[in-house]
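In the two assemblies presented below, chain A is common to both, partnered first by chain B and then by chain C.
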Partner chain A sequence: MNPFITPVMLGQVIISGLLAGSLYAMVALGLGLIFGVMRVLNIAHGPLLMLGAYVTFWLFSTVGLNPYLSLLVSMPLLYLLGMLLQRFLVRRVVDAPELSSLLLTFGVSIALVNVAQLAFTSDLRAVEYLTGSFVLGPFAFSKSRVIACAIAIAITVSAFLFLQKTRLGKAIRAVSQSREVAQVCGINVGRIHMIAFGLASALAAAGGSLVAVMVAIQPEMGQVYTFKSFLVIVLGGAGNYPGALLGGLLLGLIEQVSSLFLTTQVNEAVAYILLVLVLLVRPTGLLGGRAS
Partner chain B sequence: MRRLGLAALAALAVVALALYPLEGTGYGVRVMLQLFMWIALAQSWNLISGLTGYVSFGHVAFYGMGAYSTAIVIVRLGWPWLPAALLGGAMAMVLALVIGWPCLRLKGPYFAIAMLGLNEVLRVAASYFEGLTGGGLGLSLPTLHASVPIYYAMGLTAAGVTLLTYVILTSRFGLRLMTIREDEVAAEAMGIDTHRYKLYAFLLSAVAPGIVGGLSARDQGYIEPISVFPLLMTITMIVMVLFGGKGTIWGPVLGAVLLFTFQELVWARFIYLHQLLFGAIIVTVVLLMPRGILGVLQQKYNLPRTI
Partner chain C sequence: MPPILEVTNLTKRFGGVTAVNRVSLSLDAGRIYGLIGPNGSGKTTLFNCITGLVRRDAGEVRFKRRRIDGLKPHQVFHHGIGRTFQVIRVFPELTALENLMVVTTGDHARACRRAGELLRFVKIESLAGEYAGNLSYGQQKLLEFIRVLMTDPELILLDEPAAGVNRTLLNELLDAVRALRDRGKTILLVEHDMKVVMGLCETVFVLDHGEKLAEGPPGVIQSDERVIEAYFGR
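Let's turn to the complex of A and B:
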């Protein structure tokens, strides 16, 4: 609660919101990709992000690799893991009712968290790399957030260009529009599913590597990103990829602006209340997506 | 003849369970009480999701609602625990009405996401309204040694919701619900007011978790937001139902007994692997036996639907 809200404060939170939002957008794009292509809500998305964060942490603390360069390791590693998950587990529930895929990915999610607890312990870890902020007039931005935002934008834009321009990207979009027609056109749907899951996991890993510099790393850090990604794709319209971008930025903004007026605790609920409201008023999302 | 044998077996089990607290240890009574709780929870999830196919992915919200309502009237107003727990059931039903009226229009995964979100909203609300709920510190209930009466209340709730499932499954109402599950558009075309029946099923499925939440709040003597709104609890109910056979009468009971026994016997020895094992169980059940034990038996031996 703060009765003294100045324009500078408002400007500051809007910028922070957009900085956070770009990360949400990138992570949620992955979740949206899986949902769009195979109608599976991947609850393990957040834990995959957590694994990405640990990759960055271990590379940083053992060989001192620059956390931003570790993206080049975490993304391919998680891409592979995502492909394997798809190949051996998720593939079997793609056509099943949503309950099966929700439960299956939840099972994978708690198993991943448990493995992380056993392998890395529950200690809070931190990558102390970039601290301090850029100061610009009355505004201050934490360096790590600005860089994370820039990288997230670059990755998101590349992902879009990939989906929009390349043959493979077009095949992915074709499968998400209509699997049958795509199959008739000679697209190997099973392979596209694997690639989509791999890409989505790589996007989660990128998110993990980027937040590793800003927040404490621990095995249960991922879940909250799963929920936020759900919200983003609901906001933007499920299966609508540009919608995920808009949804991410919007979520960042709303969270930050409402933090001016609300306590942290309630602020956590704002996202969920919004989620339910959007589902009720406009279940196809702000930009329109496909209703189930 | 077989039916008579089963009825005799069931009667024997009821008598044995009713007499158990006279002989059993305090620990044993507590364990059985928890088993009853899981049976009631699994059975109520089955009522909405097993019958209509709408996945209530935040069913623990009703449990938490019951726990809080009960604890609040006990602590603040000094109610006795039995009416307090019944009030918990009623409050859960009110919550179901408020949530279900708008949300049951959502289809497929959207309903699941909405329920998940609502559970989180309630958890935050429970820690926010400190004056009423004690916030993050939780609520401590006055000390009371009532495990045995609570054991009976819990057992009755579990039996009650199982009976309710039987009544519903053998009624026209049940047929309507299952029609919705198989094909909602067709159900509507046949003149079924789908939204109304879904809502009835949802309301009925909220009562038992509310009562059970109240009873276990009383039994444990302490509640806080994180312990009464865990997603894991919803998942456990679902896995129990899936394991036993969803949409059947005895499936949830069977699933709850098996999974709970497994949990008590095995998991206690592998505390650090708990989640990993549970994850493996979930994946196995989903991939290998999505119809559950009874579902498979039903199909194989042509058993009646009302099993």
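Let's turn to the complex of A and C:
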């Protein structure tokens, strides 16, 4: 417990919370997209993020590519991988009971982690590219977090505009509202599912590439993001895309503000406790999702 | 002219229940057909088999002479078959206009024009930007109906178009159906309202327990003893 909390400290954690939250929101939007479109909870979402981080690390350490430019590689690469996963594996469990899709994506998750261990070993890796902070009055912002936040916002906004404005985006929303009707409107649902899974994986990859500059990279770094993304979509309401944004920002804020009062170890539990609380008190999410 | 739709010995089982049992029908282009039968007689399953939403167990469906059984629903759609559902199915969280625009068509500008025409055709153009979920029952029904027309399909399957619709709206819908027929479209409709069936359809098929019980002009069907028995019991 820290008895000396000043307004500056509070301001600092709020800003840090929003910076972290924008990243959570972007990653969770991917998980929420897959859930909304095909009612599959993708346990492998975090490990896909981990792969994105390794793509950035690998490009940085071999050819010295700017980690932020590596998004242009990691996102398309993971988009393709996501499409393949959907085409050959996830497709088989879309209409199966939830347990089947949980088991399948859990298996994919284990496989991805093990492949990363084989390819990169379990050593902790780092992309030492951008250190230091921007200082504004009494506040200091880690440069890598500010840039990550800006890119995450740009990507999230683009994803939203894509879903809202383009015909393909509308087709994706149509499939998530009623698959049968979408089919008789001539929409190829199998193709839409592949695109949605690809997009979601690309969002995870973007998250991975952005955190690569901030945290240690190792094969098991991803799982916690699956969990946090799950919490974010529960907070925002399953199937409610704007809700995912709110949920992300909230999670970032809560984690940071609670860090003022709690030790680091206890603070790790805050998200978990929050999840249990939300599921108990308001299982449809803060904004209310569609019943599933 | 060969029939536009030819269903031969179509069979669909769900577990131990035979929902559709060796049903054959043949539709000529430019006519309105009715499909009637007691609840659970297999009418909607037959629709689902034709549109590819469920896979038939046996039999053939030919549309303009080409086999379409075994195709995916979106492929059947692209052959030129549109349908509505028994319970209204619009996309509630898309606007009325978006509900039309998601229908897969080639050219975007043409689709926009067509959507505008159709919204005016059923007089709901002022609601184009409204979420479909906020429209009244009747408006949603109209929206679902014009969504079928976005691509100008050759064959239109309507599942209970008259259900829950007030008389004014019903007359508009029926006029629209006749207008489509006059433009050479073929319509097959499931309907419980006998007045609608008698006033609209040129040929009626009767299903009972998944089998085709009778077929003929509405006047003849209405007095067919087997049909009366199927509906009211002996």
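By definition in this document, the second predicted complex is superposed on the first by the 292 of 292 C-alpha atoms of A that agree within 3 Å, B and C clash if a C-alpha of one lies under 4 Å from a C-alpha of the other, contacts with A are read in each partner's own complex, and residues count from 1 in each chain.
Here is the rule we use: a residue touches a chain if its C-beta (ideal position, glycine included) is under 8 Å from a C-beta of that chain, and two chains touch if they have at least 3 such contacts.
As the structure is a prediction and not an experimental result, all values here were calculated from the model.
After overlaying the two complexes on the shared chain, residue contacts for A:173 are found with chain C alone; chain B is out of touch.
In the superposed model, A:29 makes contact with neither chain B nor chain C.
Note on chain A: of its two partners chain C and chain B, the one contacting more of its residues is B. Of the two partner chains, chain B is the only one that A:113 touches; chain C does not reach it. Of the two partner chains placed by superposition, only chain B is touched by A:265; chain C is not. Residue contacts after overlaying the shared chain place A:210 against neither chain B nor chain C. Contact with chain C, but none with chain B, is seen for A:186 once the two complexes are overlaid on the shared chain.
Within the superposed three-chain model, A:257 lies out of touch with both chain B and chain C [touch as defined at top].
Of the two partner chains placed around the shared chain by superposition, chain B is the only one that A:96 touches, whereas chain C remains out of contact. Against chain B, in their complex, chain A makes its touches with residues 35, 39, 41, 89, 92-93, 96-100, 102-104, 106-115, 117-118, 227, 230-231, 234, 263, 265-266, 268-269, 272-273, 275-276, 279-280, 283, 291-292.
Interface residues of chain A facing chain C in the complex, by the touch rule stated above, are 167, 170-171, 173-174, 177-178, 180-190. Put simply, chain C touches chain A in their complex at residues 51-53, 72-74, 77-78, 82-83, 85, 89-94, 98, 101-105, 108, 147, 150-151. Those residues of chain B lying in contact with chain A across their complex are 49, 53, 55, 57, 102-103, 105-110, 112-114, 116-118, 120-121, 124-125, 127-128, 232, 235, 238-239, 242, 272-276, 278-283, 285-287, 290.
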